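Working notes, beginning with the structure itself.
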Amino acid sequence: MLANAISTLDMKTGMTKKGKRCFSRIGFIGLGNMGSHMARNILKKGYKLIVFDVNESAMSNLTDIGADRASSPAEMAKDVEVIVSMLPSNQHVLDVYNLKNGLLSSAKRNSLLIDSSTIDPFVSQTLAKEAKKLGLNFLDSPVSGGINAAKDGTLTFMVGGSKENFELAKTLLNCMGSRIIHCGDVGMGQAAKLCNNMLLGISMIGTAEAFNLGQKLGLDSKILTDIINSSSGKCWSSELYNPVPGILKNAPSSKNYEGGFGVTLMAKDLGLAQSVATKVEATIPLGSLAHQIYRAIIVQGFANKDFSYVYQFFKG
Amino acid sequence: MLANAISTLDMKTGMTKKGKRCFSRIGFIGLGNMGSHMARNILKKGYKLIVFDVNESAMSNLTDIGADRASSPAEMAKDVEVIVSMLPSNQHVLDVYNLKNGLLSSAKRNSLLIDSSTIDPFVSQTLAKEAKKLGLNFLDSPVSGGINAAKDGTLTFMVGGSKENFELAKTLLNCMGSRIIHCGDVGMGQAAKLCNNMLLGISMIGTAEAFNLGQKLGLDSKILTDIINSSSGKCWSSELYNPVPGILKNAPSSKNYEGGFGVTLMAKDLGLAQSVATKVEATIPLGSLAHQIYRAIIVQGFANKDFSYVYQFFKG
Amino acid sequence: MLANAISTLDMKTGMTKKGKRCFSRIGFIGLGNMGSHMARNILKKGYKLIVFDVNESAMSNLTDIGADRASSPAEMAKDVEVIVSMLPSNQHVLDVYNLKNGLLSSAKRNSLLIDSSTIDPFVSQTLAKEAKKLGLNFLDSPVSGGINAAKDGTLTFMVGGSKENFELAKTLLNCMGSRIIHCGDVGMGQAAKLCNNMLLGISMIGTAEAFNLGQKLGLDSKILTDIINSSSGKCWSSELYNPVPGILKNAPSSKNYEGGFGVTLMAKDLGLAQSVATKVEATIPLGSLAHQIYRAIIVQGFANKDFSYVYQFFKG
Amino acid sequence: MLANAISTLDMKTGMTKKGKRCFSRIGFIGLGNMGSHMARNILKKGYKLIVFDVNESAMSNLTDIGADRASSPAEMAKDVEVIVSMLPSNQHVLDVYNLKNGLLSSAKRNSLLIDSSTIDPFVSQTLAKEAKKLGLNFLDSPVSGGINAAKDGTLTFMVGGSKENFELAKTLLNCMGSRIIHCGDVGMGQAAKLCNNMLLGISMIGTAEAFNLGQKLGLDSKILTDIINSSSGKCWSSELYNPVPGILKNAPSSKNYEGGFGVTLMAKDLGLAQSVATKVEATIPLGSLAHQIYRAIIVQGFANKDFSYVYQFFKG
């Protein structure tokens, strides 16, 4: 029983005290830009993995290196004790989990379902309730860090759910990430991610405005960087992801705004933040406006640029 | 001659090589909340100081401890080689400097005029031009750090003007501050301060929105603080000036939002940033909205609270 | 059969050519502030009416004057050919219509379901699809005009659905409203209402800003009213619902902002507009900000004031 | 004396009762897109006109049809009883009026100075004070209506100043405009124009957002036009200047957004509104954001389009 396994689990090795891996077989659904790397990292640790994706070739890439394939989420769920899902939207998650022919219809009692998609925390909570009725355990566990961190196994996981389930999942999540944070009950992983990313989306635009204004006033951007980073305007965007080309060699701004975290993804996260803020009646004027600004950048044709492109959008 | 003095000046002691202080007598105009402390710190270093303020009792406080008084800016300017001004607005600065009966009408050739007021950089530049015509040297040199830093002599000075004048002023500014930064030509001190404070005003509101949203979603504010401060949402406001009561013991939010940097002052700086952005046609959507939000907080009756009060404004 | 009835229906009298009312019995669900008046107006025209509400006394008020009561939406649906629903939110509508024990589970084939709630047009479209599978006809038909228009039978109905169903419903809607507008396919009634109300919410705030600014500049509000209403700033809010007390005797602003269209309702409609804009990726910066401003007014304690109260919110 | 002339003035013909024109000679400064047409319309009424512009060919166009030329504002002021100025910015107006070698230095006692430029009302008030000290009369009198109305003599003049000066100016302004409105004391003409145009700038963006959202939701723009224009969303922009191509044949939107009121001019007026709002501490969140949106449109390369182009900016 999973519920018992935890007491004898060595968290560092992912082994139980008797030397067995705690999960004999793991399912993974959603082999996109992020999910494919995450699944590989699980395989690398020696776990038996069964995968599913609607895209056949995405599955082949994983079966070529040792994974098994499932013909549907429901089929997979019958055979494993733990499933990780990594999907692009509320609707995809609902479809994969739904009661009729999704995960929930066939998952084994006591299975652990870990959804690493970034979605509405209320959807996570709804799924957790359905899961609980069926004797299943659910964790929301969205990630931050992007494709490179997915590849390197250095993602941050923000996890919502019971402490017990969190501890159980930690071993597995450690295969894919370097920071595994327990944020509270189910949905709180999503909540934490959305709050962080909303603040990020705002402070990046603020940074772009400040540097653009400074430049128009005749201020050297390197001098302004030094001043801001040693003053009260300091933020992650000014310090580690500066939107002005040439300030930081490895920032997307110095590489024609390629790679990094796309405007579309930021707009998606801000759309989710907006949506939940409306539900709980929270006032988020800058978050709302930030959402609209990234939306305007997409409309002007720069959907695929890194989100720090907002600096160029203002500069023109 | 001031222009010569620099070569023989020992920057650390404020003495010339021959053991004389470089400025025999210093003028100080504007003895308000900030200026009174700054003037005291100059006196403490042993300089001869002559002060002026429209408020008689503000002057008495300084003359009681050894300063001389002037009956007008013009009268003061005749007697000193360097003047520091610390005034509340563009108009006050223009009035004090103006050609008819202000500083500029009687200052001695080669005098150094250091304006530490936070004003429109274009006003600084206009004054610098007028000063130059008269053979005077002008520096804009706004500060950050607030009343406590003014008292402790740990202000940051953001200085705009020639390198030569900057070096000359540094000795004196070091009596009042611990960081003296050269930001570029005249006006760039103001530009740097306004850009930094605009970003600060934005990221504080963003932080308040994120924590308010998180809380309404059920997220513990301490957990969210840990997550944000180790992630991409990190900013000075989340880390060192958190707007949620109880997160940081010494932040104004934990002291009923008293002390600190008042909403009115933040609104003033954002008004200046807005004004110069309009002049140079820079796009600052979040800066503009931040200005309006602090304005709305003032209208609702919270002008004297610390600017992190925006968290309570959203929370209600 | 309803589908046949239309050809012989006299639209003005609501009678078929043979002199019979086209709907022998009508169901009404949701007897709140609006719905109770709407149901009364149907009764007054001599229709047989069966009502349902979760609030017993709301039902009694209608049964006292001749309506029959149903014990559930499902029970009602078995007995009528047409049902009007008037509910406060997406979730309420989904609950009343849902397949398990709601309207859709027992409605008679060919019934006409008219939802006058203001909800997400995508919810309307989902319901319409479910209805169609079951051989049922669905119209979304939100109203404008408020409680007084509901009482007087002068509501405007913005209807989405097939032309045939629209014509069929028109007779009935004419009992409750004076303008029945066909806006396109299912969902377009909601879309039209949300677009109109978003523009209303924006232009009211704009009007409030303009009059507040004018006043602070020394401009007489009556003179400004005359100028704007004969110029390009003219809008419904400046002309017919002026937010400045004393300009229009009967506007809520002249009655302490009581009555009228509450801040909460405006915030609800803007929340829906925001939600659908996010779904279709439309850029609505002023709509978003307007939503946040009404939200801030609610948080400051003025939820029950008319939405023109925004003028006072700015004035302080 | 001008002050006496008014009592015997026939307002319709511009003649005094004794059959003489009230102003024997009129000065006009600023012969740009608007001013050139306005000056022509004065000439057409048979007045003697003396003109000045820094652009020689702009002057030639007027002297070719009978105007005299002045070599400077000061020279002109010596010879006339009334001067109309039509200039692009605060600074231009200040330069033309200034005490040293501008209008104010040489104008005849009791002259009437009418400034039709759109500028900061506080600049108008400053000029009026200077004028008064010199025994001169000042009116601010900005216009609305654009180039076509300037050509056709159908401008609206929003006039600030004493009732007496207003009545005196009316005869002359009637040569150039069809509506001459007294808005209050000096500066109130500017205030009225800025308030109206701010509301216009806001409601145009609101209209663009509503129609763009409607379209993305599947709503026909013609149907939405009908609904909005008979509902509470109605505004001048939806009714008479609809931003959707094809709705109104003669609107700029139907002519590739050419002609009309340029984005740059709208941004200028909103910049002025922002500037005075900051001075009087009025909260104008939508006005501020509208300013930033037009600014962003300029930066993206559409400065010369009509301001209704914002619809395309959102549509992409």
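We call the chains A, B, C and D, going by the order they appear; numbering starts again at 1 in every chain.
Throughout what follows, a contact is a pair of C-beta atoms (placed from the backbone, for glycine too) under 8 Å apart; a residue touches a chain by one contact, two chains touch by 3 or more.
Chain-to-protein mapping (UniProt): A, B, C, D = 3-hydroxyisobutyrate dehydrogenase.
Every value quoted in this text rests on a predicted model; they were computed, and no experiment measured them.
Asker: Could the interface between the copies subunit A and subunit D be described as same, meaning over half of its residue numbers are common to both, or is it different?
Answerer: same
Asker: For subunit B superposed on subunit C via Cα atoms, how large is the rotation, as a multiple of 5°?
Answerer: Angle of the fitting rotation, subunit B to subunit C: 180 degrees.
Asker: Using the average of all C-alpha atoms in each chain as its centre, how far is it in Å between subunit A and subunit D?
Answerer: 54
Asker: Suppose each chain is reduced to the average of its Cα coordinates; what separation in Å results between subunit B and subunit D?
Answerer: Computed from C-alpha means, the inter-chain centre distance equals 39 Å.
Asker: Going by the touch rule set out above, which residues of subunit A reach two or more other chains?
Answerer: 281-285, 289, 293, 296, 298-299, 314
Asker: Which bits of subunit C are touching subunit D when the two form their complex?
Answerer: 121, 144, 156, 158, 179, 181, 183-185, 187-188, 191-192, 194-200, 202-203, 205-207, 209-214, 216-220, 223-224, 226-228, 230-238, 241, 273, 276-277, 280-287, 289-290, 293, 314
Asker: Please output the residues of subunit D touching subunit A within their complex, sorted ascending.
Answerer: Listed in rising order, the residues of subunit D that touch subunit A are 285, 289, 296, 298-301, 313-316.
Asker: So in the complex, the part of subunit B that touches subunit D is made up of which residues?
Answerer: Interface residues on the subunit B side: 271, 274-275, 278, 281-285, 288-289, 291-293, 295-296, 298-299.
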